[in-house]
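Residue numbering begins at 1 within each chain, and the chains themselves are lettered A, B, C, D, E, F, G, H, I and J in the order written.
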Amino acid sequence: MKYLVHMDVNLPAGMPAEEAAAIKATEKAYSQELQRSGKWPEIWRVVGEYANYSIFDVESNDELHGILQGLPLFPYMDITVVPLAKHPSDVK
Amino acid sequence: MKYLVHMDVNLPAGMPAEEAAAIKATEKAYSQELQRSGKWPEIWRVVGEYANYSIFDVESNDELHGILQGLPLFPYMDITVVPLAKHPSDVK
Amino acid sequence: MKYLVHMDVNLPAGMPAEEAAAIKATEKAYSQELQRSGKWPEIWRVVGEYANYSIFDVESNDELHGILQGLPLFPYMDITVVPLAKHPSDVK
Amino acid sequence: MKYLVHMDVNLPAGMPAEEAAAIKATEKAYSQELQRSGKWPEIWRVVGEYANYSIFDVESNDELHGILQGLPLFPYMDITVVPLAKHPSDVK
Amino acid sequence: MKYLVHMDVNLPAGMPAEEAAAIKATEKAYSQELQRSGKWPEIWRVVGEYANYSIFDVESNDELHGILQGLPLFPYMDITVVPLAKHPSDVK
Amino acid sequence: MKYLVHMDVNLPAGMPAEEAAAIKATEKAYSQELQRSGKWPEIWRVVGEYANYSIFDVESNDELHGILQGLPLFPYMDITVVPLAKHPSDVK
Amino acid sequence: MKYLVHMDVNLPAGMPAEEAAAIKATEKAYSQELQRSGKWPEIWRVVGEYANYSIFDVESNDELHGILQGLPLFPYMDITVVPLAKHPSDVK
Amino acid sequence: MKYLVHMDVNLPAGMPAEEAAAIKATEKAYSQELQRSGKWPEIWRVVGEYANYSIFDVESNDELHGILQGLPLFPYMDITVVPLAKHPSDVK
Amino acid sequence: MKYLVHMDVNLPAGMPAEEAAAIKATEKAYSQELQRSGKWPEIWRVVGEYANYSIFDVESNDELHGILQGLPLFPYMDITVVPLAKHPSDVK
Amino acid sequence: MKYLVHMDVNLPAGMPAEEAAAIKATEKAYSQELQRSGKWPEIWRVVGEYANYSIFDVESNDELHGILQGLPLFPYMDITVVPLAKHPSDVK
């Protein structure tokens, strides 16, 4: 089941550089593990922004929320979720 | 080069049913040809709306505009385009 | 799996009264059948508006889209869908 | 009398972790007591957000405001309230 | 129980002048009867607009929706409703 | 001359509790004096928000601005003002 | 007493050219009479739009609404009104 | 003196194809004459939309409004104008 | 050449009172000098807000930006600028 | 390939003046080098704002993101990007 997710990152101005670097490294590992598992099949950077659009492929709303809430950057992101359905013109 | 495209369809209230059916059939064929060519790799229905989110993979802004402007439903759609870049956490 | 759905109805000004009455009657029957099936457990009128907030309980995004697209008033409604997850404070 | 309430939580960046944990624990107890009393029959997490949609069932606008203002997280939430009426298609 | 209600009127461009005059006359009678009953204690014109802000004083959300839905201009208005509670500084 | 005024209060997160209590007490006294004078005939709490809708009855725009600017909470509020006129259906 | 008024004109697509010309001529005469009376001291075209910003100088909210409602283009305009007060830095 | 101008075209659904073609041809000639004169140095299509962003280089606000109001498509466009100044980092 | 300018002032919560008073005094002197020069012919307070609407009368976009950027409160204001043209109904 | 880019700068209130000056100097050098390379052919100040509109001319979305992300002011800017295509009326 697919969802389009937009994540917009806003780190607090006063966060120390090392703390920011540590969170980003953990975030990257967390994201890549989920990508490899097939649950996070696509991630793109939005040109000009510290933001991404991603596709998630999960079993339920609850599973998606669990994944998103577990993101190390979760407290610093505005996230919006659009549930997707199969399109009748889709050739796949 | 990837772009996220949102298409929101608004057919005029007075359009005859056969005309609407004909436009939709042409649209479907046009879309599926582009999907098979690799230029329109993803299309999803937005749940609850007569709208889709799509990914396009083209050579340039001009090529993308040419494709979108050629959509049979183009005069009846509100389209927004978000240019995408490779994300540093992308494992692909 | 729960979703909060907002439906805002806008019938065209020129629709004949009998046609409007017929669509509304079909809509009511369609809605009540789904309510009785357990897939549409809640429906409330928004005070002062020709709109409703509803809770749907379905197996997937695709099932929800199928139900909403099948609404007789679908061509005349603006629909927005919010996917819901279990809340950690929920006592049920 | 039903109301749909949306609560969006924004804890200040600098709040100490123990203080945040204490407020959340008090909030949970307060919410669960109201759920058990029947005044707060439904609470759902919005997928991807630190927010909830809830249904309240109270006697009056004043009673609802008293409950919401008493939430331990009240100073840190943006709350919106939609009054609901019985829907003519409701089978209950 | 008080509610602030905003009504914004948009008559269709093609409505015949007599039809418009008849609806407005019925609306005025309906409004004045409710004002005299105490259920619609205040109505003000918004300067420069074909719109009003009103205060309603009713027993429940359902009663308010019944009154608003019964307005002869209901099909031609955008209505928003804000539930009000007693203010702790109110001297009355 | 009537105006509808919306006041939305946002106290800074770091304001000491005694300072907040002192400002609120001064605000209450200021408001109640104006209510008793007839210049601030109505004040209601917006359900679920630290905000109010009020009616002011003053001689001029300048008088209204003077009153609002004198509110002890003025530096911490977003205020919007809607000028009101007599409604042709008003029975008073 | 001054007000800033924004008027945005939207003539219906199907209005006959002569009818449009007649309304505009009446509007111009009405506006110029009010300008000469001192009640409408300023009117400017918004660059690129069929819209204007104007300053009105009247005795009351009711007088302003009467003037605006009397505009021949009133049924075809979106009007917003901002009440103005004397600025403490004003040298006049 | 430079201005950034956004033009969004909305032709009425019922406009006959020949009428639309005639207006577009006149628009093109009008635009190209102004481009050659140096007053309209840049025009770009917004990807996916029937809209353009343009740069105008004129002597005054009045001259710009005269040019825009003279566009054959003016009655069918939403136009927004942003006045531009020299940027301190500009190397030209 | 006229422009309508809206200035919305937001002083940081932590600015010392003397610093705020000093900036406001400098701002007032700066504004009054420009008013006397004829370049800033009108300034009004927006009722209920720490904001003003002003008319500027300058030679060019560059001159206007220079004036606005020179305002002592410039770093603490949200400014929007609307270029104005002569209105065909203006009697002056 | 052209893009219209809007950059809106918001330096934190507490940033020391020397730090701000140093970042701005680096930003200016970075911008001017890109302007001279032909990749950033236009930059204009938005009148009244600490913001610019720019035209970029690059090979791909990825190249544009790399340039924008490298801006010394990137962490302090809200950036929006509009992809542009050749306009059919363009005489160049």
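Assume contacts are C-beta pairs under 8 Å (C-beta built on N, C-alpha and C of every residue); 3 or more make two chains touch, one makes a residue touch a chain.
Chain labels with UniProt names: A, B, C, D, E, F, G, H, I, J = Muconolactone Delta-isomerase.
Bear in mind the structure is a predicted one, so any value in this text is a computation, not a measurement.
*Asks:* Please state, in steps, how far subunit I (Muconolactone Delta-isomerase) lies from subunit B (Muconolactone Delta-isomerase) along the shortest route of touching chains.
*Replies:* The fewest touching-chain steps linking subunit B (Muconolactone Delta-isomerase) to subunit I (Muconolactone Delta-isomerase) number 2.
*Asks:* So what's the Cα centroid distance for subunit C (Muconolactone Delta-isomerase) and subunit E (Muconolactone Delta-isomerase), whole Å?
*Replies:* That gives a centre separation of 27 Å.
*Asks:* Round to the nearest whole Å and give the separation of the Cα centres of subunit D (Muconolactone Delta-isomerase) and subunit G (Muconolactone Delta-isomerase).
*Replies:* That pair's centroid distance is 45 Å.
*Asks:* Please compute the C-alpha centroid of subunit G (Muconolactone Delta-isomerase), do the same for subunit J (Muconolactone Delta-isomerase), then give the distance between them in whole Å.
*Replies:* Each chain reduced to its C-alpha mean, subunit G (Muconolactone Delta-isomerase) and subunit J (Muconolactone Delta-isomerase) end up 39 Å apart.
*Asks:* What are the residues of subunit G (Muconolactone Delta-isomerase) that contact at least two other chains?
*Replies:* 2-3, 45, 47, 61, 64-65, 81, 83-86, in rising order.
*Asks:* Once you draw an edge for every pair of touching chains, what topology comes out, line, ring, star, complete or other?
*Replies:* Shape of the chain contacts: other, as it matches none of the listed patterns.
*Asks:* Residue numbers of subunit B (Muconolactone Delta-isomerase) touching subunit H (Muconolactone Delta-isomerase) in their complex, please.
*Replies:* 3, 5, 12, 14, 61, 64-65, 68, 79-81
*Asks:* Using the touch definition up top, name the residues of subunit I (Muconolactone Delta-isomerase) that touch subunit H (Muconolactone Delta-isomerase) in the complex.
*Replies:* By the definition above, subunit I (Muconolactone Delta-isomerase) touches subunit H (Muconolactone Delta-isomerase) via 1-3, 60-62, 64-66, 81, 83-86.
*Asks:* Mind pulling up the subunit H (Muconolactone Delta-isomerase) residues that touch subunit J (Muconolactone Delta-isomerase) in the complex?
*Replies:* 2, 4, 27-28, 31-32, 35-36, 42-47, 52-53, 55, 82-92
*Asks:* If we count contacts the way the header does, which residues on subunit E (Muconolactone Delta-isomerase) are in touch with subunit G (Muconolactone Delta-isomerase) in the complex?
*Replies:* So the residues of subunit E (Muconolactone Delta-isomerase) touching subunit G (Muconolactone Delta-isomerase) come out as 13, 45, 47-50.
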